[in-house]
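Two complexes, one shared chain (subunit A), two partners (subunit B, subunit C).
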Partner chain A sequence: MSNLVPLIQNECLKIMKRKRFYVVLLVLLVLVPMFTYAQMKAAERSQEKFNSDWRLELQQRITDNENSLSSDRVPDEWKRYRQIFIQQMQYYLEHDVNPNHPNGVTFTREFLNNAISLFIPLLIMAIASDIVSGERTSGTIKMLLTRPVKRWKVLLSKLVALLMFVSLIVLSTFIIAYLISGLAFGYKGFDIPVFTGFRIVGSEVDMTGVHAVPQWMYLLMQGGLVWFVGICVAMLAFMVSVLVRSTAASIVIMMAALIAGNILTNMASAWSSAKYLFMVNLNLTDYLAGNLPPIEGMSLNFSLAVLAVWAVCAVIVSFSVFTRRDILN
Partner chain B sequence: MRTSSWIWRITACASALATIVLVIGFIYAWNDINYPQGEPLAAGSDSGSESPSAPGAVPGNGSGADQEEQAGKDEDTTTAQPLPDHLNVTAIGDSLAKGTGDNTGSGFVRRSIDQLNGDGRSAKLLANLAINGMTTEALLPKLDDKGIRYALQRANVIMLSIGGNDLFQNSGLLSEETDPDALEIDPVKLMALLPEASERLQSILQKLRAINPDARIIYVGLYHPFADLKELQIPGNIVVSTWNHSVMEIVNQDPNMTLVPTFDLFQHKLDAYLSSDHFHPNGAGYQAIADRIVQGLK
Partner chain C sequence: MNDHFSEIVLSVKNVTKKIGRKWIIHDVTFDVRKGEIFGFLGPNGAGKTTTIRMLVDLIKPTSGTIKVCGYDVNRQQEQALRHIGSIVENPEMYSFLTGWENLEHFARMQPGIDRQRIAEVVDIVRLERRIHDKVSTYSLGMRQRLGIAQALLGRPKLLILDEPTNGLDPKGIKEMRHFIQQLAEEGLAVFVSSHLLSEIQLLCDRVAIISGGRVLAVGEVDALISGSNDYVVWELKPAAQGKRILSGLEYCDIVEEPESVLDDNLLAGMSAEAIVTCISPEHTFRAVERLVASGVEVREVHRMNPTLEQLFLQMTEGESLE
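After this line comes the complex of A and B, so read on.
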């Protein structure tokens, strides 16, 4: 155990020295202003139309959604989604709470909702995908393994370092999104109540469990869920990185899986066994917001279990492969 | 080497802290989703600082004029009140108010607003709450929705179109419109539907008036979309004009309500004014309705 900490330290320094983490921060610093700007434009437009009266805007959205319910061209899954959306928005109206109050905190919340399934995993892959395969591409893996340390310890130190950076990436995403969007929308908004606890039963929303939490609390809970997704994606990417020799291939494999998951979720698929795939279970924050899960029968605990099983399997595979395989170049 | 150890220490501490915070968040989230604690919410939480105004207050522009208007109303309810300078329009009702059939999607609501703005009046659409297929029966409970009440309260002109679906959809005419021979209109049955529907319309108008005591309420009368079918012409005309007449009687009770007739507009111009579904007006038809509305508002 005693020689594990220096190994972890070594791995952390390697990640820092290779500037992977800085790349992640840079990506955030470039992209978040773009999203902020887009959001600002949208806010400006709705202000023109509705004179910044959110109640009118919300009511108009409810009516528009109600109108689309009567159209035959709208698939049934979407109709269910919209019915649920309507009921939730009406709940907000009844209680006089603006669900989209424009401020930095709300932007962060919305941004994280959208980022959890693709953007954050992508950032994590920037570090995870090359953590083992990168050393094999450059040949430094041999130097590492000639030291008098057990192989599993080497791998474990890499995994621990990776998980440390997952936490850092998730936290810095929150901080950067808040700081940058705050410039445009203002930094207030931590106390605004957000409703959570919507339970979906069929196409009805069960309101008995609904309660308001202050937005900072919501962000905290969101952070926890994003973190869990991040850990699982990191472990999977870690496995791929162990199995595949080149970093590029390892990134492509993970990307393909994630994008496939996004497409599958959007199809609101009738293929119900797809719910056992990890990539359709990434939208954990949807359970917090009370959105309709992509496939019937999914719940928070189900998704957590699926993700955990995949992650644990990934770790087992990576360790058993790494400790047995010959490292030849 | 020194910087390395500093980088390590900072990273380790930061990530340990971050992990602790995120794990706490995760536990909270898990708890909250699995065991949501419903609480009776105090209506109107703190963010709704500018809570919707009481029904009596006319919000928005030209407050001086509005007050005079209100004062005038208290003294004398027999005359229609002058319209304020800025018209804030909320539309509610069925597909006609929504503009179904209009290629531009404008409908008479947007067309009349555009025309008012072109004529030098200032008019704005607050919200169009119309829903396709709306009937008097479905509209009545909707008027209790807070968001809808709010949009109606903010308006000083309310455009309402309702009743067409009560008459024509219940009679089954719409579903079989492609085969006119199979149509059998039963004037007796249709007439039997009328009293109920017009009673509901009366409650709708009363409710609208209770929600917004000062707005000009414009009801768009019905036309007869099947007047070009021989067997439907006379019985349909009778039903539609009976409906329009009973609406007129309700509307006449309130000096600030108007019925805009469309029956005569469409009677001999169905070819020119109906869209391809042979039920909703097309752009020209909506424009004709809008012209009438604007004439009454100028």
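After this line comes the complex of A and C, so read on.
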């Protein structure tokens, strides 16, 4: 195994020299300030309206949602979603905790909740999509595979390098989101309590398991889930990159799959076997926050298992195809 | 000339390859010995590149064995590939890295290659001045040289070059030829593919001629060519009288359509008056005697190098080139 280390070093070097990682950082550095600004504007507006009394604001939101429940024009699924939201907000109100306290840590938490299913997978694809297909497009795969190294070692070194960069991307997303939003909202907020453990039974929320955790711990749990999603998406993109010769095709296939996942999730689908698709299982952080899952019968463990099975299959397919295939061009 | 006792570096036995439903390679067999330059001659699409890809384990043969220094290329890849340096088709390197970084990258994939060895191969291909520039700024000739440096890194016993003079200018071609000969003199076995007979003649000791996925002949270059170079171009004055005399000789046949047997290079250099005949070297002297005796001025007698096509025609006995 000792000769695997220089191979991984090679792959990391190529990723860095291709400047893909810098592109990822640049995207974060441009987009996070935009989101921060939007959030700041929203905070300013509610401050004007409610004289910085968050209880008043929260009460207003609960009332708004309750009113909409009586309307016939609102679909039943939305009603369920709102009922759950109302119950959670009431819980926060009863326990005198502001769920949207404006600070850098809360922003980071909210940002990652929204980024987990599309934004972070997209950043990962910037590196994963051409990690194998790029070598085929440029023809350098011939130089790579005519070395006295077994093919599975070459592929493994690429996979390890990729997973290292996925971890780095997840970490940088957290750090950049925190540092930039902190400029606007302040860097405090690590020990604000956040409630987790909501269990959804039908359209009721089971509060028995609810407990408060400090926000830093919540962030850690979230980080683990984001990382897990990142790893799974990376392995799938890796497989596509092995199977498809062109990098463009590889990106399009993964994008289509991810966007399809988002659309299916929003359809709150009645098609229950869709829950076995990997792309509707990416919103792992929703389980922490206690949001309604897109399809009935989904739970954190279920989603983790579905993603893990998909990822493992992707790795098996990648290795068995790559080690056997004839390199014809 | 290589004697038959010298060590066999590459041995290809009954190799076939089927891609989809089509047989691309039918039963290819040949050996390459230490210190020789072995040519692999055939037109485009004959299966040269497919064969080369099998030699370096990019493609697995459907049947047959390929051994390098006694190791099976498709089963003992790590041991076999250690002895091979290769350029398959174009020397594609990472264009976003410098030449030196490329070499370092490949050096890491093989134990026992240190900085000194990298500097050595850079020196061999004379790329010192530009080695720290990005490959994207290199000319084709420099990329070709970097490709060779890459192939030589692991001190191989067998060097495989696929059309090494493709895209080079005449000076570059000459340099490349000289360079390959030098490597062979140092004991390397060199396997060179080409679709140009003249190039193989100038460079190689032995040659395998391949067409339609079959090896038509393997042997010393001169031996394979002798017998096919019976075409002689005559410049006579007066041409009409000369032609009459030549056509009267029973050992001399006039070729009415020289385009069919000579290649364009030679045709371009010929005058309109030139007569092309098919005549053996032994009879040429007698023909000249007859012409001179009849008062015909013999300005030029020129034996022509056969074209690859001609060689094929002769080997397949009239079957046309696939």
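Throughout what follows, the second predicted complex is superposed on the first by the 329 of 329 C-alpha atoms of A that agree within 3 Å, B and C clash if a C-alpha of one lies under 4 Å from a C-alpha of the other, contacts with A are read in each partner's own complex, and residues count from 1 in each chain.
Here is the rule we go by: contacts are C-beta pairs under 8 Å (C-beta built on N, C-alpha and C of every residue); 3 or more make two chains touch, one makes a residue touch a chain.
Since the model is a prediction, treat every value here as computed from it, not as a measurement.
More residues of subunit A are in touch with B than with the other of subunit B and subunit C. Applying the stated contact rule after C-alpha superposition, one finds that A:18 touches subunit C and leaves subunit B untouched. Touch criterion met: A:138 reaches subunit C, while subunit B stays clear of it.
Looking at the shared chain after the overlay, A:147 reaches subunit C, while subunit B stays out of its contact range. With both structures placed on the common chain, the touch criterion links A:44 to neither subunit B nor subunit C. In the superposition on chain A, contact is made by A:210 with subunit B only, not with subunit C. Of the two partner chains placed around the shared chain by superposition, subunit B and subunit C are both touched by A:9.
Once the two complexes are laid over each other on the shared chain, residue contacts for A:60 go to subunit B alone; subunit C is not touched. Looking at subunit A, you'll find residues 9, 13 touch subunit B in one structure and subunit C in the other. The touching residues of subunit A, counted against subunit C in their complex, run 3, 6-7, 9-10, 13-14, 17-18, 138-140, 142-151, 324, 326-328. Those residues of subunit B that touch subunit A in the shared complex are 4, 7-8, 11-12, 14-16, 18-19, 21-30, 32-34, 36-39, 41, 43-48, 51-52, 98, 124, 126-133, 145-148, 150-151, 154. Subunit C makes touch with subunit A in their complex at residues 19, 53, 56-60, 77-82, 84, 86, 88-90, 92-97, 101, 105-106, 108-111, 150, 154. The part of subunit A that touches subunit B in the complex is made up of residues 9, 12-13, 16, 50-51, 53, 55-56, 58-60, 62-63, 66-67, 70, 90, 93-98, 101, 163-165, 167-168, 170-171, 191-193, 196-197, 199, 207-213, 217, 220-228, 284, 287-288, 300-301, 304.
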